[in-house]
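We just call them A, B and C in the order they show up, numbering each chain from 1.
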Amino acid sequence: MRNVQTVAANTFREAVRDRVLYNLVFFALLMIGVAILVGQISIGIERDVIVSLGLTAISVIGIFISIFLGVALVSKEMDKRTLYALLAKPVKRWEFLLGKFVGLVMTLTVNTAAMSAGLYIALWTVNHGLQKGDAYILAAVYLILLKLALIVALALLFSCFTTPFLAILFTAGVYVAGLFAGDLRTVHGVELDPGALQLVRGISYLLPNFENFNVMGAAVHGHGIPGTIVWQATLYAILYIAIVLTGAAIVFSRRNLK
Amino acid sequence: MGAVLLTGMVCVWQLQEKVDAERRTLKLDNDELAMRSPAVMKRLSLEYAPLMGAIYWTRAVQYFGGKHREHDPDLGQLWPLLDIATTLDPNLIVAYHFGATFLSDSPPRGAGEPEHAASLLERGIKANPEHWRFYQDLGNVYYFDKKDYLKASQAFEAGGKLPGTPPFMKIMAAKIAAEGESLETSFALWMELYQSTRDNDVRKNAEEHLRMVKMQMDLRALDRIADDYEKRTKERAACINELADAGLLSGQPLDPAGFPYVLGQTGRAEPNPRSPLRQEWLKGKK
Amino acid sequence: MGMPQGAIEIENLSKEYPYGFLSLKKKKSLEDLTMSVEDGEVFGFLGPNGAGKSTTIKLLMRLIFPTAGTARILGKSIDDVEMHGSIGYLPEQPYFYDYLTAYEVLDYFARFHGLTGSDRAARVAAMLKKVGLDTAKKIQLRKYSKGMLQRVGLAQAILHEPKVVVLDEPMSGLDPLGRREVRDIILDLKRDGRTVLFSTHVLSDAEMLCDRVGVIVGGKLRGIGAPGELMDMKAQGMEILFELSGAAGNLPLLANATRTGDRYHVQLPEAELYAALDALKAAGARILSVAQIKPTLEEYFMHLVEADRAQATAVEVSGK
């Protein structure tokens, strides 16, 4: 575990020193400022728009970071050959992968926390204080973070066996497909033979069901988010991430570096 | 170099003003909606539907405001915009209330589509079953615009059953079931809406209706006085002053716009020809 | 025959790369390598670019996986990750995280070797000094020259005092001073009793440093042994350098000589040496030097490369 920690800490350090990240966070905070403005012209839903826009910004920016940096975690090291010296040390390849994963998730956590703080400041400014319903935003943010971790794991997996460009495409594709996974199970009005139906259902379970992490509607309107949803989503995320990372470790362990 | 850029931007700005003015006169009826299907919009929104809903709601309000500013009675795109907004975010309470009034009300105040207003409200009730004010809105739509008093009464009744509703709902249910349309009921309904809504447009609209109803109540009262006069003097009064002279009226009754009522050719009370309310009253009589 | 317990033992190591349409064709970048490196010796891999030197080293370091064959380092299989704690590796054209300083990079790598706290700090400081980067240690690597990066690479390869050190082209991209420093470090390691395996295509370095040399051309091991053993050491004659001014007369000697101004340079069989010297003395020449002609490693090398090319062409022509 010490090796995982070392790699994770270095990955975090790299993200901190990478100025791109600061631009993104700045952009997100800007979005929240815009949200305050938009709240002024949206009749009757000022608070809702701020939360809505803020959570969307956190989610979208988080997804961009997760996909692009997630893919770069391994491919950059392979491209630039920084990996060579490292793998000659007494480090197992899966320790390296796990360390990279943990490092990026730590980075995302810090970013998300910063942006959420901005969101709360925006709410405070507009409503001159916080309401009870505002606490549920934290639950929504936590679920977004789970989603981002899952996306990082997928990006890691794809980057272990394809080019960076394809890895980005696949990860983004799986994200979008995953959002509709639930719909695949409730498809009706279309006549399918039982075989095809089973296949479609199978695919719907195989895909990561990203809707599990979506509670934006509730958070936006200040409704409660049941604890069951939160811990079930946590369990789902842990399980799915474990599967994906194991797959990545298997692929990476047998990969010939250039 | 900086001066050149500045001059350039000023020219662009001036040109844009001219373009705007020209386009206004042309009344280019651009479709507000590239995408008409709420279901497709929901798909396209991925997991950001509440935000998209808020955006469509904002667009609906801007659309409405723009049409009103230009005194353009065509509100054809209001329903599609509200339909999409509430499909994307079924908890957008304000959108339902707005739609209830402005989809249902006849032009030029609204779109004149009470069936759409009713469907919108039904969706609102389904997604927010504890929100009793939707039943109030639904009752208003049936009562005022569809003139279906049975359904109106049923809506008030259903709303009255929810916890935390004031007795107003049950009272209206009963009254409408018994009498159908009446000026007192109309006044009460508009007054309740006027006092309870937080939407400025909806409140203003309720106020306008209230004035109309008040005026009709005044006219009805004046007619009774005029009839009374006729019974006594065997003649129809020619003008309001005669009624006042006969001691049946104290002073000159004014309509809500501040103009004195007059007696028309048939001896029945009418709004003053100079009153801005006369136009609407005439339209209502047809 | 049992394998001797060398520091590095390689047995039938092969690597094939699929290429072409549907990856049907295979390129053999290393074919059936069998050799060993003794404890405490400095062993050089020699060969032209693409010969398979880097491939062999990467196979040993488990960066790529063999198609066939096995290898052992310090008696343990190359699959043994723990064993890597006793070996050091300098990759070809090393590149490290450019947002880190030299100090941070070495500190980072040191952690994987289980060095903790002040022990680690001391070791890192010592390494930086040893490779001459002490003054630059706080500067980010993105500002480093190639030579400086090479030195960082060396430092991370030896900071944990490994028993076996494997260096892939350690002299590449260095100026003469840098090469001298690397040579000194290699000699230092040898003095400490460590085993060093390095690859290079600079023959003079190999001649100067190595106890033994392995020549790899075209993915195959062509020769292995001490630099002197590799070629036929039979002297191929003598060489005389002399000065002669004025009319040389008709010395038959001069017919085969190369001339630069008044200086002449002639080669002749050993048997004719003394007769020639007498003739020159009689002609009044001034003898500058007399030396044995020995074949150089370079000639041996070129000979091998050309033979390999000829064979490759023959194979192509025969359409196999």
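In this section, a contact is a pair of C-beta atoms (placed from the backbone, for glycine too) under 8 Å apart; a residue touches a chain by one contact, two chains touch by 3 or more.
Quick caveat, the model's predicted, so the values are computed rather than measured.
Undergrad: Which groups of chains are still linked by touch once chain A is set aside?
TA: Excluding chain A but keeping the rest fixed, the chains that touch end up grouped as B | C.
Undergrad: Among all chains, whose Cα centre is located farthest from the one for chain B?
TA: Most distant chain from chain B: C.
Undergrad: Give me the ID of the chain with the smallest distance between its Cα centroid and the all-protein Cα centroid.
TA: Chain nearest the overall C-alpha centroid, as shown: A.
Undergrad: Could you please state the distance in Å, as a whole number, between where the Cα atoms of chain B are centred and where those of chain C are centred?
TA: Roughly 91 Å, centre to centre.
Undergrad: Would you kindly tell me how far, in whole Å, the mean C-alpha position of chain C lies from that of chain A?
TA: Computed value for the inter-centroid distance: 48 Å.
Undergrad: Go ahead and note the Å separation of the Cα centroids belonging to chain A and chain B.
TA: 46
Undergrad: Would you give the residues of chain C that are in contact with at least 2 other chains, written as numbers and ranges?
TA: As it turns out, chain C has no residue touching two or more other chains.
Undergrad: Hey, which residues of chain C end up touching chain A in the complex?
TA: 58, 61-65, 81-85, 87-91, 93-97, 99-100, 108-109, 111-114, 153, 156-157
Undergrad: Touching chain A in the complex: which residues of chain B?
TA: 43, 46-51, 54, 57-58, 61, 89, 91-92, 94, 198-200
Undergrad: Show me the residue ranges of chain A that touch chain B in the complex, using the header's touch definition.
TA: Of all residues in chain A, those touching chain B are 38, 41-45, 48-49, 52-53, 55-56, 59-60, 176, 179-180, 210-211, 214, 216-217, 220-221, 223.
Undergrad: For the complex, which residues does chain A have touching chain C?
TA: Listed in rising order, the residues of chain A that touch chain C are 2-3, 6, 10, 13-14, 17-18, 80-82, 84-92, 254, 256-257.
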